[in-house]
Amino acid sequence: MQTHAAKRVEITIELIMQSRLTRALESAGVTGYTILPVLGGSGRSGAWSRSGQVTRASGMVQVICIIRPEKLDPLLDAAFAVVEPHIGVVTVTDTQVLRAERF
Amino acid sequence: MQTHAAKRVEITIELIMQSRLTRALESAGVTGYTILPVLGGSGRSGAWSRSGQVTRASGMVQVICIIRPEKLDPLLDAAFAVVEPHIGVVTVTDTQVLRAERF
Amino acid sequence: MQTHAAKRVEITIELIMQSRLTRALESAGVTGYTILPVLGGSGRSGAWSRSGQVTRASGMVQVICIIRPEKLDPLLDAAFAVVEPHIGVVTVTDTQVLRAERF
Amino acid sequence: MLELAAANLLSPIVLSFVLGLGAALARSDLSIPEAAAKAMSLYLLFAIGFKGGVSVADHGVDGTLALALIGGIILSAGLPLIAFALLRIVSGLSPTEAAAVAAHYGSISIVTFVAGTAVLEGRGIPSEGYMVAVAAAMEAPAILTALWLVARGAGETRSQGRGELMHEVLLNGSIVLLIGAFVIGWITGPAGLSEIDSFIVAPFKGVLCLFLLDMGIVAGRGMRAGRGVLDRGALAFGLFMPLVGAAAGLAVGLALGMMPGGVALFMVLGASASYIAVPAAMRVALPQVNPAVYLTLSLAVTFPFNLTLGLPLYVTIASALAGGG
Amino acid sequence: MLELAAANLLSPIVLSFVLGLGAALARSDLSIPEAAAKAMSLYLLFAIGFKGGVSVADHGVDGTLALALIGGIILSAGLPLIAFALLRIVSGLSPTEAAAVAAHYGSISIVTFVAGTAVLEGRGIPSEGYMVAVAAAMEAPAILTALWLVARGAGETRSQGRGELMHEVLLNGSIVLLIGAFVIGWITGPAGLSEIDSFIVAPFKGVLCLFLLDMGIVAGRGMRAGRGVLDRGALAFGLFMPLVGAAAGLAVGLALGMMPGGVALFMVLGASASYIAVPAAMRVALPQVNPAVYLTLSLAVTFPFNLTLGLPLYVTIASALAGGG
Amino acid sequence: MLELAAANLLSPIVLSFVLGLGAALARSDLSIPEAAAKAMSLYLLFAIGFKGGVSVADHGVDGTLALALIGGIILSAGLPLIAFALLRIVSGLSPTEAAAVAAHYGSISIVTFVAGTAVLEGRGIPSEGYMVAVAAAMEAPAILTALWLVARGAGETRSQGRGELMHEVLLNGSIVLLIGAFVIGWITGPAGLSEIDSFIVAPFKGVLCLFLLDMGIVAGRGMRAGRGVLDRGALAFGLFMPLVGAAAGLAVGLALGMMPGGVALFMVLGASASYIAVPAAMRVALPQVNPAVYLTLSLAVTFPFNLTLGLPLYVTIASALAGGG
């Protein structure tokens, strides 16, 4: 089946920043993304876990954007502006998509 | 450690289609998959979010299949037949696996 | 934007082994990981689904580690020691990261 | 009538709904966890089904049960035809879209039904306990009518999965729980009820308040997300169709000689629009239709209308017309 | 006896379980959200523990508490030996598999225990409040016996993690909550109970109904998924072993001179099989054993048997034999 | 006083908290599902708000409502100044960190407030129903003071998002639900309460127990995770600052001539530290501050202190000083 080269950008970011990030993505022309829940994790700022969170201050989500390769740079710029002062991780992976006309 | 080339297929699809998709995968000879919950997302058909869904009509899941490269085409054909009339995204990424005998 | 080569290791493992795995990762010098919930799946040991689990014995999670390429082997050794007698899947994908100094 | 409407509007139940609606429209992050909302809906289904069954065990089934079921099925199967015709006239929806929407209005909203029973109880108006079975029977027929409408047109539904789809619809969790609890209540009767009434009777209205708070949030988000999805004709349909459905329900209820509460519940079932079983079935059978069209109409237009203005109206009319019966 | 069995079978509690079972077998999508099921199980543990503690505060601890604890521990540690021997004779399970299953039957199912107390309450049969502590004490010993059985055989368990495993088992959430609530109930006594009884006493049976609905769904899914996993001998074991366990429990209860209700609960504990703590421990210690083997037996065979037929049987026998005491 | 403290310490509410704390410190896996914890907190907010509103409808609003709101706002805006100064003296926290922590101590913990009302009810001490509105009004002002403290220093806050941030804080779900339920209770009055009291009154304390069990788990995990994050000065601040806040609350309550219960609640509000609204706001506005600093202080130091020793102390002092009023 015919597939097309694309980039898969995965941004792990604090829950509280989710709407700010997706708004930034939208204004950078990103037309689609998917948000996965995160159960817990560990990094330079220590370990955390969703169970027993009584506060909205902790908790993270993973935002996945599949985009055409040429849209990568504006996306990363937009994402970086939001993520930069915050904890979180951004990865970019080469991938292939079906139905490229959607991206 | 010895790793082996494989394909990672990630299919984001409506919850309501999940069982139809996994049945199609199974009849295409896919022996394993993992299903991740999806919190929300946005695409050509607008944005949605899991919180406050009272209906089974919305909601998506992500189905991940790790397969040997030679099994890719039958899998994509099977997946495409289910996904085609529906919203959703299919990506294929090159990856490496441990314990290749399992796939 | 400047990105750096990295490895994305994704380990799907039984919930009950999660803390053992993350401890093994930490003692192998892995400084960060993210844990995603898993809704269900299927493999050689059959299909399972989170809904209606009354026991802690079933259920899986996905542990994602982004690491510098040179740290891959110790990580895989550590992960394999925990995963080996258990069900589960380990994949390694080439990726790019922002803010490489964090890894 | 106005007084009754005011009393209804100022009940904790409706005010909780309004609170949720307002919070969502003001873009507050107030939200009920998905699992809690589902748990409350399971509780409400179990409680309403069980109490219906106990009431049948208590008062016996008079001859109208079978007739009421048939009446409900005809109502559910017939209303989509009217809805479809209306939509084709007043709105710009395509035939397939109109059929998908029509299915929702033939089917029913169990929460509206539950809120209706709460209003009846509040006013001490008696109703037949088996009406929950009628509600369950009305979930599915409308779907078949809608699929027939589509097939008659372009024939573009994929009929190969029809059997599987009907299996899913008829055995969807809500129906199974409602009917199952009804049967359990019927078997165990008042003795069974006395064992668990401090769980399913006493806290019922309070749980309904919290559940309607969530429904308000969902409706409010639907209003915000659905802006622009519907033209004016479709919006008008969402307010007018409930009255048509209620009138049809009234006719059926009166024809069957139901108690005033039973007539009112027939009106409520006719007026309400599905937002659980039918949307799911439509996503499978008619994936080309944007779900925002029917969800916005059902959840963000018709549900609020029925909850606030419709219920007191239906109850008043039913009491007036069936009162002397 | 038959009458009592019928009364038990037609209680809302058992019927709710049957409803869940039927829904799952008919492949309905009825399901209770995981979070809600866990919340209900925490509620039941807290309530049953608290009430046990209050009852101890109320009636005082007679000398049998320590003896009952020891009796329970011996029962839990001893039953796996019988279970293992039986399984090796009647089923085709490997020694390691048989040991893993045996651990479940030495340990206990707290939901079966809770349902047992509900039956006792329904019939007004008194029991010792401290039986919840006995239940907690019986969770873990069986695991040690099973690991010893395996080590004695092939020695293939990885004993380095043994200490950590026992820490996990002894401090698993269910035990901690059960014992903790028991202690709180004991400390605060009837005065504490009166503060929260409309939370933990009044709605208790209703919550148990919904929880058993979920257990029915789980058991039904287990039956469908586990088809083919077990041979006939193993299935027979799942129905026969509870009777052996109940007989052992009966012996212990009578030997200790417990009240009729206490004897019945010893039988229930002996008869029931773990499905929370032991499966988790087995996944860690014996990962090579397919969990479907023990989960199917415990959840889809033994649990339904105990809930429907076992409980009235055990209660009747205990009342008859300990009644004159 | 000692007797009262003991009575408080031995109540099911505090013991449930201690159980959770102990379980977490012993590294048990006992945990309440996130959705269940959120559902319980929504329930508590709805119930406490509703009951406050009903009490206002019942007793009328005397003139102090507006004054009490203003007093609360001043308290919330002023306390961070004291907290900031204290922290700069006794701890090694940076100015930005100190400001972030200070915001938490000006704002309030609604669970501490709820536990306070339960203590008052238990002792039959009357309080103004509108104190829940005061609690809501005190959530946000402290945040502005803290941001001003930071801006005055290095000016490193990003003020462009200030408006959005305040919108989020003022419309955060907890506040909206609390105020919304208060208004609903006020509108529907005792008649509305009678409709749903078996949901929001009778089980209230029991739900509070389970919720505090969860808070105990969270606090215990916070203690384990936060070890090493705080220096001794900061820890001492976490125990001393509540007393300062309570004293300030006492002054305001007495100055306004509140009932003894109202004075006690002002002390509780002054003494308690936010763990919901303010941490979220600080993550947005001051992401450079490690959240473990303020969460550990608020949840693992101050909250346990207030719940166990603070509440009986504040209530005793308020009764003594305002009792004759």
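Every chain is named by a letter (A, B, C, D, E and F) in the order it is written, and numbering of its residues begins at 1.
Here is the rule we go by: a residue touches a chain if its C-beta (ideal position, glycine included) is under 8 Å from a C-beta of that chain, and two chains touch if they have at least 3 such contacts.
Everything quoted here is computed from the prediction, not taken from an experiment.
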{"item": "Neighbouring chains common to chain C and chain D, by label", "value": "B, E"}
{"item": "Greatest separation from chain F - chain, by CA centre", "value": "B"}
{"item": "Most remote chain, CA-based centroid, reference being chain C", "value": "D"}
{"item": "Chain centre separation in whole Å, for chain C relative to chain A (CA means)", "value": "19"}
{"item": "Mean-CA-position distance for chain E and chain C (Å)", "value": "34"}
{"item": "Geometric centre distance via CA averages, chain F-chain C, whole Å", "value": "39"}
{"item": "Residue list for chain A, restricted to those that touch at least two other chains", "value": "36-37, 56, 93-94"}
{"item": "Per-residue multi-chain contacts in chain E, two or more chains", "value": "29, 31-36, 39, 172, 198, 202-203"}
{"item": "Pairwise chain contacts under the document criterion", "value": "A-B, A-C, A-F, B-C, B-D, C-E, D-E, D-F, E-F"}
{"item": "Complex contact set, residues of chain B against chain D", "value": "14, 16-17, 20, 45-48, 50-58, 85-87"}
{"item": "Contact set on chain D toward chain B in their complex", "value": "31-34, 37, 41, 161, 172, 214-215, 217-218, 221, 225, 275-276, 279-280, 282-284, 287-288, 290-292, 295, 299"}
{"item": "Complex contact set, residues of chain E against chain D", "value": "10-12, 15-16, 19, 22-23, 26-36, 39, 122, 198, 202-207, 209-210, 213"}
{"item": "Chain A - residues contacting chain C, complex", "value": "12, 36-44, 49, 60, 62, 73, 76-77, 80, 83, 89-94"}
{"item": "Chain D-facing residues of chain F, complex", "value": "33-36, 38-39, 42-43, 46, 50, 167-168, 171-173, 176-177, 180-181, 183-184, 187-188, 192, 195-196, 198-200, 202-203"}
